[in-house]
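In the two assemblies presented below, subunit A is common to both, partnered first by subunit B and then by subunit C.
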Partner chain A sequence: MDPLLDVRHLKKYFPIRGGLWQRHVNDVHAVDDVDLAIMPGESFGLVGESGSGKTTLGKTILRLSEPTSGEIFFEGRDICKATHDEMQGYRVDMQMVFQDPYSSLNPRMKVKDIVSESLLIHKRTKGRETLERVRELINLVGLMDDHLHRFPHEFSGGQRQRIGIARAIALHPRLLVLDEPTSALDVSVQAQVLNLLLDLQKKLDLTYLFISHDLGVIRYVCNRVGLMYLGRIVEIAPVEKIFDEPKHPYTLALLSAMPEADPDHKVQEIVLEGEIGSPINIPRGCRFASRCPAQFGRCHVEDPPLVDTGDKHMVACHLHPAKDAT
Partner chain B sequence: MTTQGTTATISQPLPDIFAAQAALKSPGLLALAWRRFWRDKLAVVGTAVLLLLGLMALLATPLASEVTHFQPEQIELLGNLKPLGWARTPERPAHWLGTDELGRDVLTRIMFGAQVSLFIAVLTVALTLTIGTLSGAMAGYFGGVVDMIISALINVLLSVPLLFLLILISAVFRPPWWGLAIVLASVSWTGVARLVRGEFLTIKVRDYIEAARVIGSSNPRIIFRHILPNATSPMIVAATLQIGGVILTETALSFLGFGVQPPTPSWGNMLTNAQQYLFLAPVNIFVPGLFIFVTVLSVNFMGNGLRDALDPRLKQ
Partner chain C sequence: MLSSLLPSEGPLVKIRDLRLNFNTFDGVSKVLAGVNLTVEKGDVLGLVGETGCGKTMTALSIPRLIPCPPGEIVGGEILFEGEDVLAKSEDEMRELRASRIAMIFQDPTTNLNPVFTIEEQMIDAILCRMGEQSALGLTPFSRWQGSVREKRTEARHKAVEMLKRVGISQVEDRIGSYPHEFSGGMRQRVLIAMAMAGQPHLLIADEPTTALDVSIQAQILRLVKELVDEFHLSVLLITHNLGVVAKICNKVAVMYAGRVVETGTIREIFKAPKHPYTVGLLNAIPTRASRRGELQGIPGSIPNLLSPPAGCRFHPRCAHAMPQCAADPAPGMIPLTRTHQVVCHLFD
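Right after this comes the complex of A and B.
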């Protein structure tokens, strides 16, 4: 099967300008050479701490920010080369749900206008039909008809996120980028929204790129997980492999930091020293080497590539060499 | 890992126990703003005064023939600089606010002056809002070179002493009253432009703008449908407060002889004429002065009230 989304060598640098003439001094390497393939119908989880570039990666895939270099294939076509008009066509198939439901809805627009806007822009429906479709969508996400004529400030966080989801699925997209869709919500509401997302995925045959820093949420929703560190993906594996046999030392550390509900269950916690490295001056060698408990000489010299260690388990670490294809 | 278990047990949607409460429509943004505005009595009084003045200006012609019985340029021979309530004979209509140095009825001229002064003010502010919004929106939204050019222009205009620039333009072109509005607007749009630019800079990075972009909104659509409606509150406030400033500037120009040209009355040129007879007929200088004072004060009260009502975050 061909991947729905295939990202190759994607880089997104934000230039830093300084001095009198605003010269280009340096770059923030937000996304630095990422390869990623997402199959139709799967939920791909992208995990990483703040500043690891996961949100930037999501936004760059939607071309909300222009990639510095690299290729993004959507159904086999490179959308980085798409003109503005062609991109309008892809917008129908790729949508996004934002992290903060309080700032992602225009406070001056009624719910029906928020949800119907994309339908009008892409001329999907006309007149009465539009209202019908909006009603259908709003019911689909668990809101009621009389919510349509209200403004966002009249809703709770969970309800707002449902509106955001209704907006995203209005055009019936293939791919949905979910940028921490539940991290701004209360835990009980989180569960409701997650279940809604799982439901919708089944009903509408959606493919998810689920960005989160919450491993519990990822485990609940995703089939496959990618871990991001300092602009680079360090490990990709099916979700059970990540949790049962993590390979990259960073993944191990993250998992050991996960809160456990069982007080008797003791995990030896791996405490990482120091801060996440600076995305401005990326260190030579492995990005994680300065904090890695298992680092050795080679780590400071040579940047490990992301290689298949067998069974679709990709790791970028010198401790885990590629499994020979032969 | 037990998150999976926890979430599974509450996977059923909770019954909406607040449905009844939710059914009650909460007041809209405008209704809330109106409530806050109504609470500010000074602003309400200011608005009422402005409405009365506006009505007076609009109805100047019928008022002149029906109420004061004088025309603005009608001269009472040998009746110049007369005091309040003077009438040639008891049968003739009285000059309630006296006559000026040519024997013209002051009240009638005040009414027609209001027409000129208020119309200039409103037209100037309308032009200012248009130019200021467009340039500010372009600078804030597109940034880069566009922003550099517009911001440079604003900074240059702001560093020129405006009154002298106005005097120069007025002296060279001698514009009619609507031309004066254009001249005033051409130098006073900078304030609105800066304000709008700032609003655009803060709003354009909000998530709902990104969301609009994801669904494929065009730039004009984002500017006019998503950003501008969220930037209107400070704009309305600034525009209102600017009316006062424009009236004062127009008055100053007319006072110096570069604004509205006689015989068309304006509050400014009435002051000019009156100052020569300051000691013979002090009333003549106080009447237009008082009208200017009350108008500008009312505008400022209304503007403050609007700011508190539309932008409650600013009021601490």
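Right after this comes the complex of A and C.
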């Protein structure tokens, strides 16, 4: 099966300007050479700490921010080369749900206008039909008909996120990029929204790119997980593999630091020293080496590539060589 | 003064039937409706609940930091080491906040002054906690007076020592930095150092790790745990993250809409939760055991406190609601074991 989304050597640098003439002095390496393939119907989870480039990667994939270099194939066609008009066509198939349901809805638009906006822009429906479709969408995400004529401020966080989801699925997209869709919500509401997302995926045959820093949520929703560190993906594996046999030292540390709501859950805790490095002056060698408990000489010299260590388990670490090499 | 030196009997903090209203333009919001809470010496008590349930307001009422007006404490009592906090004068409160109660907040960025260096802020905090207000250098040129300079140098030594203790490296080089030069985790460490400078008896930590990444969160939690052992500290930890509670607390109090609905040891709450809300909350967290699609949220959302439901405030969302749940008065605290108490008609 061909992947729905195939990202190759994607880079996104933000220039830093300085000096007298505002010359280009350096770059923030937000996304630095990422390879990623997402199969149709899959939920791919992207995990990492703040500043690791998860959100930038999500936005760059939708070309909401222009990639610096690399290729993004959506259903086999390179969307990086698409013109503005062609991109409009692709956008129908790829939509985004944002993190903060308080700032991502226009406070001066009614719910029906928010949800129908994309239908009208892409001329999918006309007149009475539009309202009918909006009503259908609103019911699908668990809101009532009488909510249609209200403004966003009249809703709670969970309900607002449902509106955001209704807006995103209005055009029947194939791919949905969910950027921390539940991190602004309370746990009891988070569970409702996560279940809604699982439900919609089944009903509408959606593919998710699910960005989160909450490993518990990722484990619940995703089939496959990628871990990001300083603009790089360091490990990709099916969800059971990540949680049961993690390989990259960063994954191990992150999992051990994850607080489980169970007093009996005791793990050998690996507390990482220091903090995520600066994406401006990327050190030579492995980006994680300075914090890694297992680092050795080679890590500071050579940047490990992301290689397949067998069973679809990709790791970028010198401790885990590629399968065919061993 | 003597009472603070002698090991006094009884709990460190005892809150009995605390009622707090906020007078707003839309009416009276009954933010706390009879909170009962006890913090014993040496406890690390986790106060959990969802947004708007009154966790922070409960904690802020102990050092009396609720803005009044619009807030108004309309009933109940707060005893801190046996002393009635609500009856104290403002000067006595200032002394209490400086010496025996310390607080750290959720957002370390907004709680440090961006225009002063860490050094100046640390020194001021330490001088306040030592009761040396005169050494703050508030009057013109007083900073150049010999006695003031001496005290500030002494406070600086203490600041360096505290910053080292909370795990900041190269303190001498970094103490002169401004808050923006520190990362979130480092700023939280600075705030912890300030809070610990007065050797408080109670540390109130209001969502101390919510703004931090998991790996930094783990570092901060480890630090708090070490400080608890080292300084015989009691902690009131406010959080919505039950994972954090399971990691460092020994007791838990669960709040819902302005009331404590269940308290117990960590084992009692996590292994044998009794209140339907606690059960719902625990079921809503994705854990190792939860299967896809089986996570249960709690239907509905939290009530508007301007017109809260009568009786038990959870009954409109409760699967076990009975007729008497909707009737006043609200159920009282029912002791199940010596440590485990629940507020629910199911256990009458």
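One rule holds in what follows: the second predicted complex is superposed on the first by the 324 of 326 C-alpha atoms of A that agree within 3 Å, B and C clash if a C-alpha of one lies under 4 Å from a C-alpha of the other, contacts with A are read in each partner's own complex, and residues count from 1 in each chain.
Going forward, a contact is a pair of C-beta atoms (placed from the backbone, for glycine too) under 8 Å apart; a residue touches a chain by one contact, two chains touch by 3 or more.
Source: prediction; values computed, not measured.
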Have a look at where A:258 lands relative to subunit B and subunit C in the superposition and call it first, second, both or neither.
both
Where does A:50 make contact in the superposed view: on subunit B (first), on subunit C (second), on both, or on neither?
second
Once chain A of both complexes is superposed, is A:14 in touch with subunit B (first), subunit C (second), both, or neither?
neither
Counting only touches as set out at the top, which of subunit B and subunit C does A:217 meet: first, second, both, neither?
both
Now for A:64: first (subunit B), second (subunit C), both, or neither, which partner does it touch?
first
Which of subunit B and subunit C A:188 touches, first, second, both or neither
both
Once the structures are superposed on A, label A:117 by its partner contacts, choosing first (subunit B), second (subunit C), both or neither.
first
After the superposition on A, what does A:73 contact: first (subunit B), second (subunit C), both or neither?
neither
Name the residues of subunit A shared by its contacts with subunit B and its contacts with subunit C.
188, 190-192, 194-195, 216-217, 219-220, 243, 258, 260-262
Can you check the complex and tell me which residues of subunit C touch subunit A?
50-51, 183, 185-186, 213-219, 221-222, 240-247, 266-267, 270-271, 280-288, 290, 292-293, 295-299, 301
Subunit B to subunit A touching residues, read off their complex
1-4, 6-7, 10-11, 13-14, 23, 25-26, 28-29, 206-208, 210-218, 221, 226, 229-230
Residues of subunit A that touch subunit B when the two form their complex:
59, 62, 64, 87-88, 91-92, 94-96, 98-100, 103-109, 117-118, 121-122, 142, 146, 150-151, 153-154, 164, 167-168, 170-171, 188, 190-192, 194-195, 216-217, 219-220, 243, 258, 260-262
For subunit A, which residues are in contact with subunit C within the complex?
49-50, 156-159, 186-195, 198-199, 213, 215-217, 219-221, 243, 253-254, 256-265, 269, 271-273, 275-276
